[in-house]
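In what comes next, chain A is part of two complexes: it sits with chain B in the first one and with chain C in the second one.
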Partner chain A sequence: MAASVRLLVRRLVRLSHKSVTSSAATVSCRPGCCLGPSSSRCFSDAAEDRSTHFGFETVPEAEKAKRVYKVFENVAQKYDVMNDAMSLGVHRLWKDMLLHVMHPQPGARLLDVAGGTGDISFRFLDYVSYQQERRKRRAAGSSQTPSWQDISDKYPTDDRPQESRAVVCDINKEMLKMGKQRADSMGITSGLSWVVGDAEELPFDDDQFDIYTIAFGIRNVTHIDQTLQEALRVLKPGGRFMCLEFSKVTNPVLAKLYDAYSFQVIPVLGEVIAGDWKSYQYLVESIRKFPDQEEFKGMIEDAGFFCVRYFNFTGGVVALHSGFKL
Partner chain B sequence: MFTSGAELTYSYDGLYPGHIQTNTFQKALLAIGSGVAALQDPYRHDMVAVLGETTGHLALISLRERMKNDPEGYTILTERPRIRLSTLDLEKMASLPDGSFGREYLRFLEDNKVTPDSRVEVKFVDNEELAYIMLRYREVHDLLHTLLGMPTNMLGEVAVKWFEAAQTGLPMCALGAVLGPLRLNASRLQSLFTSLGPWALQNGRRARCVLSIFYERRWEQSLEDLRRELNIEPPPLTLSASNKRRT
Partner chain C sequence: MAALLRGLRAGRLLRGLSSVVAAPTSTTPQCRSLRRGFHCAALRLQDESKSDKHSASSSYSSSSSSSTTHDDYTSQQDSDPSSGDQEQDEDYETEEQLQARILTAALEFVPLHGWSMEAISAGAEAVGLSSASTGMFTNGAGDLVLHFISQCNSKLTEILAEQHNEVQLGQAEPKKTADFLRDAVETRLRMYIPYMESWPQAMSILLLPHNIPDSLKHLSTMVDDIWYYAGDRSTDMNWYTKRAVLTGLYNATELVMLQDSSPDFHDTWTFLDNRIQDVTNMAVTAKQMQSTGQAVAQGLLGAAVTLKNLTGLNQRR
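Moving on to the complex of A and B:
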């Protein structure tokens, strides 16, 4: 109960900051606990007047989501091939590092937002099943010559293995379709579900997940703070928020090389491999518009997470931010 | 602006709708990348198009000169006609007598199951007029098939490419002309090298510039007549539109 009251208070505070022009009626349309679709419509009038960035272009906020949707709809088919080509395969290492830092245990429930083609979720399921194997092996190894006491102790605990579950949530149906195809071809049958949803308005109840990840997705949302709020809401107390995203390169030489590579080579790769220059131009521009490591850390703390820290990979090209809901 | 109808409804960066600014380094990368991609999958028309645009600057300039020096070509450069389903009066063309250019063109479209609207737009040419010439070249390609009597199977395409390479000097045509035969079987190679090839090259060299013809006003003209005017001999072999794959 206290959680929902805290949530309501926080939202009221946000409302008073944001919608100066909205009337008292909008406050009453928020029941508290579960977000209904009506709640964000209260902001819609103000949103059309406000503008945001779409790469280096300025667009009305209402338009950004549509344009981002179009970009990912166009690139979905060749998304994985392009990732490998653009990062020369290094994106796999970044995602592996995310899993290592996460260190999930069997039984954990993961929400992979902007999970698209499922890279993180597949790794998660692999990791927990490996952990499960290790545990079993250890348990088997330690019970080589059991005493009667040992056997009786173990008897009721050998029930069904803890079920780890991953939910892939993405706003774009094409990306989810590609992810599903991959899952089918990899033969993954259980522990995975695919949900269409908006990171700023998740279709889940409060306090549901142990881990929330968003890998290379948060720079595409229109309201980062709203996304962080939603993350806080759906995580269980003690749950971990993890965000993998392109960030600022600190070393000036590397930064110059990285810029040159981003703007000269990546759109060309996009044209040759995916037949779409403009989408990849948008992607490299959106990286430049995203806040840097410290600023983003501040935003996560503002949303209400604790013990926020970040890890730089590849000299700051990618940063992993992590925070806890306590 | 190179549309005969007013169709521009959105704002765009660059010199014309669809134009993407690129520097020399990017063009070089694009040329190499699209070349490799086109070799791996010749049915990727967009890659063939990009290769043509990034390597064809000099050829386009010389084409422009030839068009300007021809009165009909000059008219085309000023009026900027487009060949598209929306601009063609298909019923009228179907009612034309057999042997007329319009009727034969329609027959070609039907037999080979293609449409004039499948052309890729121009993106990487940094001059608005040259971009139109590139587009005109693409749109005229199908008409060239009709003029030369070549179907859209591999052999027919290679023959047309030989003609175009001799006529326009576009490096992409030359590349297609050299590499296309690699995919032909022995009997087709033989017909290419013995009769079709030399015919295509000779006619390419001596024909009038095919881009300078205002085809849209010549549907009623008989095909024979048009060939004579352009200085093109009829094909030495009759090829049929069969077992081909065209996206």
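Moving on to the complex of A and C:
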């Protein structure tokens, strides 16, 4: 009783501050909050008793999922426009770097969790098709004048199902709808599927995917370790887990500028462009609540991944963590 | 919390085991089940006493066919009694071994794909892992080439050690230095023959700036090994000159081999013979020059003294 009253009061305080959250280049949000790694997953506790953070607020775990869903329902329409506005277009570079580090081989299967509007999946399909084109050109170039025998021999190899496939999984139907519209406008017809699913309970069998990515989504899940366990489950042996997420800025000067920009500029942009101050305030606050690079690396290792490394982009504003299921 | 995670991990591994058993068509069921078996063994071992360890490992050894990884596991269990990080240590050791396994498998695909990430991904798939595991190799093709070079060096060291043993046991005659060097260089260069078409690409990869320290290290250790088994125990300037000479010899012969089209690289071995002859001649010439030089110096000294006597400078007043 007292707890719920406290929550009400906090919520009123929040509303009066008119906080807005924005996520620069958030692909989609995972429902749930990230508990501190010290909290244990005791199954004896009821979910309502355990609370977690929603931005700088404290909410019951069960509620966080709903509130995050609402946030992304509201921002889905103007999501891509806001990403470009808030990060000044730099989020495209971050995602390109993710693909560059991933370096997918043709025939790889990608699971893009919290994939929302599909940024990563589109880039993945482009990259793989480009690689295949290059290989075909190299193979054709090496044999200057192919005989009819060579050409006829190559025909069956082209039919080989070596196309890569990307599956975009998101809990939020609005974000997936936006993504599907984008795919249609870009003219992508094959190699892409859209699935509604919860990152903590993926609707896939074990050992299905070569690469699992979650870009700017893992800070929105309720239980990060559960998400990591699910990632381990659906990956094939040798599969790679990649997580792109906002992280701790290493340079103190840059950190001050970044903080000022996050709390002063981004909510205003959210209000002006998308008409939603609160959502973008939540997203900026959720960045601050996420563990830093080393801590997150420890969590990934605890989940059972090997060769875990991270790369800092833009001085630590964004970090790319990568681990292998061996 | 940790026990819960371990239990979950055990559950996942058991699921993995069952899935492996249920899918007999997977490419390398032995390797995967072996590894998972070791994971299971490692988990159980953390709770059981040391005496049970050896029995568990020996039971797994009897069921497996490939025993190399297993031997390393047992040796680690003997040398790593700390139970806290034991599973982690064993897995980290296996990480490098796993990488070595992938690269060895990738060597088969080099004639098809060249020295590149495609060969490594084909190798990963041959071992039974997804092609995404090539992300482990941050140096890409350089990793593959360096792995191959170090493999060749270890093979060479084994062969030289065996020959050395035979000489020690009296089963073979000790070779002369020139012959020994010639045979060692020929044995080492013959290991490149299966990859000869793509070897220029490999050499260019080794010359990339970030690969130069590693490739130089491999080259110098190989030359050092050859000279050690040739019987060189020098501790003066000769140590450096001998190794420099052999390095030059080896590199020159390798370059000749690249563009050699004679049957069984006959021209290359002839070139090698001639260069070793040159080196031997130069050694002899150097000695002769030294003695001649000494004689000439003495003669000049005598002439100078005579001159001084003639001019009367040598007189003491």
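The rule we apply is simple: the second predicted complex is superposed on the first by the 264 of 326 C-alpha atoms of A that agree within 3 Å, B and C clash if a C-alpha of one lies under 4 Å from a C-alpha of the other, contacts with A are read in each partner's own complex, and residues count from 1 in each chain.
Rule of thumb we're sticking to: a residue touches a chain if its C-beta (ideal position, glycine included) is under 8 Å from a C-beta of that chain, and two chains touch if they have at least 3 such contacts.
Please read all numbers here as calculations on a predicted model, not as lab measurements.
Contact with neither chain B nor chain C is seen for A:73 once the two complexes are overlaid on the shared chain. Of the two partner chains, chain C is the only one that A:307 touches; chain B does not reach it. Applying the stated contact rule after C-alpha superposition, one finds that A:236 touches chain C and leaves chain B untouched.
Contacts of A:108 after superposition on the shared chain: chain C is touched, whereas chain B is not. In the superposition on chain A, A:84 makes contact with neither chain B nor chain C.
When the two complexes are overlaid on their common chain A, residue A:201 makes contact with neither chain B nor chain C.
In the overlay built on the shared chain, the residue A:324 is in contact with chain C alone; chain B does not reach it. More chain A residues lie in contact with C than with the other chain of the pair chain B and chain C. Overlap of the chain B and chain C interfaces on chain A comprises no residues.
Within the complex, the chain C residues that touch chain A are 1, 4-5, 8-9, 12, 15-16, 19, 32, 91-92, 94-95, 98, 117-118, 121, 124, 128-136. Against chain C, the residues of chain A that register as touching in their complex are 40-41, 101-105, 107-108, 135, 206-207, 210-211, 229, 232-233, 235-240, 302, 304, 306-307, 322, 324, 326. Those residues of chain B that touch chain A in the complex are listed here as 20, 23, 25-26, 29-30, 33-34, 36-37, 44, 46-47, 50, 123. Taken together, the chain A residues at the contact with chain B in this complex read 264-265, 267-269, 271-273, 275, 277-278.
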